[in-house]
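Shared between the two complexes below is chain A, which pairs with chain B and chain C, respectively.
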Partner chain A sequence: MSRAALLVLADGRFPAGGHAHSGGAEEAVKAGRITDAESLERFCRGRLHTTGLVAAGLAAAAALGTDPLALDEAADARTPSAALRAAGRKLGRQLLRAARATWPSPELAALAAARPRGAHQPVVLGLTARAAGLGPEDAAYCAVYESVSGPATATVRLLGLDPFQATAVLARLAPAMDETVRSAVAAARRVPDEGVDALPRAAAPLLEIGAEAHAAWPVRLFAS
Partner chain B sequence: MHLDHATTFPERHTHSAEPVRADGTRRALRIGLGGPVGSGKTATVAALCRALRDTVSLAVVTNDIYTREDADFLLREAVLPPERIAAVETGACPHTAIRDDISANLEAVEDLEDAIGPLQLVLVESGGDNLTATFSKGLVDAQIFVIDVAGGDDIPRKGGPGVTTADLLVVNKTDLAPHVGSDLDRMARDAKEQRHELPVVFQSLRSDAGVAEVADWVRGRLAAWTAA
Partner chain C sequence: MMTEVLREEAVPLLSRPAPAPAAADLVPTGIEATARITARRDAAGATVLPVLEGEGPLAVRRLRAVGAEARAALVGAMSAPLGGDRLAVHAEAEAGARLRLTSTAATIALPGQHGQPAFYDVRLTVGRGAAVHWLPEQLISAAGSDLHVTTDAEVAEGGVLVLREEQVLGRTGEPPGRLTSRLRVRCAGRLLLDQELCCGPGAPAGWDGPAVLAGLRALGQLLVVRPEFADAPVQPRMLADHASVTPLAGPAALVTAVAPDALSVRKLLDEAMTELLA
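Take a look at the complex of A and B:
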């Protein structure tokens, strides 16, 4: 395992399209659910324990070598909102492009051929980690960190929130991120025996509903 | 085992602006248009579409700060059929989408060609940004930087990557110069100083000549691209 490769993949500047997405923060800001650092932390904690956990499970399973197409279907089943499914596939397609340029591998090429319009982002993330010589924990860490860092940086732009405060929110969430990764990887290790149903399926209904509302806005800063 | 596949995968994939398509034919020339807010990028794109659409198979990708304003303008003006105009959302950072993370724009270009067949020219319009916003060479083959006389006649002197390095600098709205006290000769001298041999076009889309000179430049680039 290369720790440096993990830093390359986890870097917020990794060119895979994430900068245009807020992880539901734009809708939550407009609805008044995120107004400051405290409410941002509550929002991120909720996201971490729901979509963050689910994404980490899918990514860890992909990194362990589970069939990515089966995981892609599992991701669909865990994403009720059509807008979020579309955003997840779009981001997956963008990540696949960056990953194939960065860590070319036959598995990434096969996934691109099977899903030319994009597979779900966490699945691509796990397969990318695998191509980079990383393990399931690494993939899960990338997934949980993205699940909260996206909303945090978006909130800095949307609210003019003090960037130091936003970063401190992420630091306070670190123990919860560790715990989420442990759960996700433990579930992913059960997949060979129990199938993809062993993976986490925590849902965040308000994020799903908010994503549908957000997708219909005529004017918005973020794609999701 | 997964790390370096330099010999197994000598070809580059579809991640950047490779000059040929998967089938070996030469892909569309991609020209980026950037520049500050309100300098007339969208109006120039609209005029270019009108000037070129009868002889060139082209499409447009817009990068708006808030979703589809520019794309909607081009649709309202009916400069191209709707299937030839695509909008990329940029998450409050238009320069990121044209320079640091070009993945969404590359996909938009590919989707256009998938949907309507091979194109000769794709114009990629940046959202209005600042004087440092330039396009990645992984996204476009040439770029036009559009400023206007009302934004201040000191912009060419100030320079910056857009003014100094763009393949073509367009100084727009020359008809406004007398009204805003801008000195066109000074702008031309300053631009020459910053850009040396790189071309500069002074344009007013309200004049009879309109976008003709810029359209000729685009035709020249297209001819060179096709011949290469």
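Take a look at the complex of A and C:
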């Protein structure tokens, strides 16, 4: 395993298009549910323990070698919002393109052939980690970090929040991120015996509903 | 205290076929009870209910059929679930049968005497070309309770499932109990939906925050699986500030509603149901 490969994959500048998504923060800011660093932190904690945990479980399972198409179906079932499924597949398609150029592998090529319109992003992320010689913990760390860093940086732009404060929010979430990774990887390790039903499926109703509201806006700063 | 008195009377009468061994008296145990309903299409095209069995706190009553649809209701025969209880409902509509299952009152999850969690498992099986409507009243998570609800539905090809779930976090003016509610649906062998909501004391942080429930205390989901939705999926749209309908990745639509109170949730789900079943 190469620690440097993890930094390459986790870098916000990795050209996979994630910067265009706010993780539901744009809708929550407009609806008045995120107004400052404190409400951003509560938003991020909720997102981490739901969407973040689910993404980390899928990514860890893909990194362990679980059939990516079974995981893609599991991701669909865990994403009732049509807007979020579309966003997840679009992000997956962009990541897959970048990953195949960065760490070419037969598994990435096979997934691209099987899902030409894109597989869910966490599944691609896990398979990319695998292609880069990384493990399930690494894949899960990328997923949980993305689940909160997206909303935090988006809120800096949306609210004019002090970037130092936004970064401090992320730092305060670090212990919870460690814990989320542990539970996601533990679940992923049960998949060979129990199937994909063992993976986390935590729901966040307001993120699901808000994603549909956001998708209907005529003008928006972020794609989701 | 009233609750306890009722239980003491009702338990031996309704749910305990044999006395527990003396040694077990020292171990706190809850009630285990399963209600079973099977709907079958008869030669004339009507639906009959060859199995209609209640147990303990889960009594089942046959209601008047409407057309080809058989109807039954769960009737709470005592206060349940309390901590430590394990309740289950297994309902099946065999090929071509039509079953509508309701409940006569809200289910209130209450704490037990020894702090153990309670479990409530609902298993719905919809045969080929069959229809199941599972429309129970609200589940109320009372302060101090800890309930795990699992709803598992399996829908065969051409089957129709209408499933409503509503949760109310705490009775009026009290904090909620701990509630873990998983809804998993397979359709023609394919996984269609797998979601779990955890809320209340001890749930992962953020459950009451701006990404999950934002202090709102009532939520509901209405799932409609219909073969027609395979070719003509519903268009995703908002139904209210905190309510939307979305097509799933399969022949189904899901309405999710969050609101300050149970009545608002019910009104949204009722309106959506009329539209989705039209």
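Rule of thumb we're sticking to: the second predicted complex is superposed on the first by the 224 of 224 C-alpha atoms of A that agree within 3 Å, B and C clash if a C-alpha of one lies under 4 Å from a C-alpha of the other, contacts with A are read in each partner's own complex, and residues count from 1 in each chain.
Rule of thumb we're sticking to: a residue touches a chain if its C-beta (ideal position, glycine included) is under 8 Å from a C-beta of that chain, and two chains touch if they have at least 3 such contacts.
From a predicted model like this one, the values you see are computed outputs, not experimental measurements.
For the composite obtained by overlaying on chain A, chain B and chain C can both be accommodated side by side without a clash. In the superposition on chain A, A:Arg115 contacts neither chain B nor chain C. Geometry note, superposition on chain A: angle between chain B and chain C about the Cα centre of chain A is 130 degrees, to the nearest 10. By the touch criterion defined above, A:Val219 lies against chain B but remains apart from chain C after alignment on the C-alpha atoms of chain A. In the superposed model, A:Pro80 makes contact with chain C only, not with chain B.
Of the two partner chains, neither chain B nor chain C is touched by A:Arg89. One of chain B and chain C touches more residues of chain A, and that partner is C.
Note on the superposed arrangement: chain B and chain C approach each other to a least C-alpha distance of 19 Å. Every residue of chain B that touches chain A in the complex is listed here, in rising order: 1-3, 5, 8-9, 12-16, 65-67, 89-93, 96-97, 100-104, 106-107.
Chain A meets chain B in the complex at residues 2, 13, 15-22, 90, 93-94, 97-98, 100-101, 103-105, 109, 112, 130-133, 154, 157-158, 218-223.
The residues of chain C lying in touch with chain A in their complex are 182, 184, 190-198, 204-207, 209-214, 219, 236-238, 241-244, 246-249, 254, 256-258. Those residues of chain A that touch chain C in the shared complex are 24, 28, 31, 33-34, 39, 42-51, 53, 73-74, 76-78, 80-83, 85, 176, 196-197, 200-209, 212-213, 215-216.
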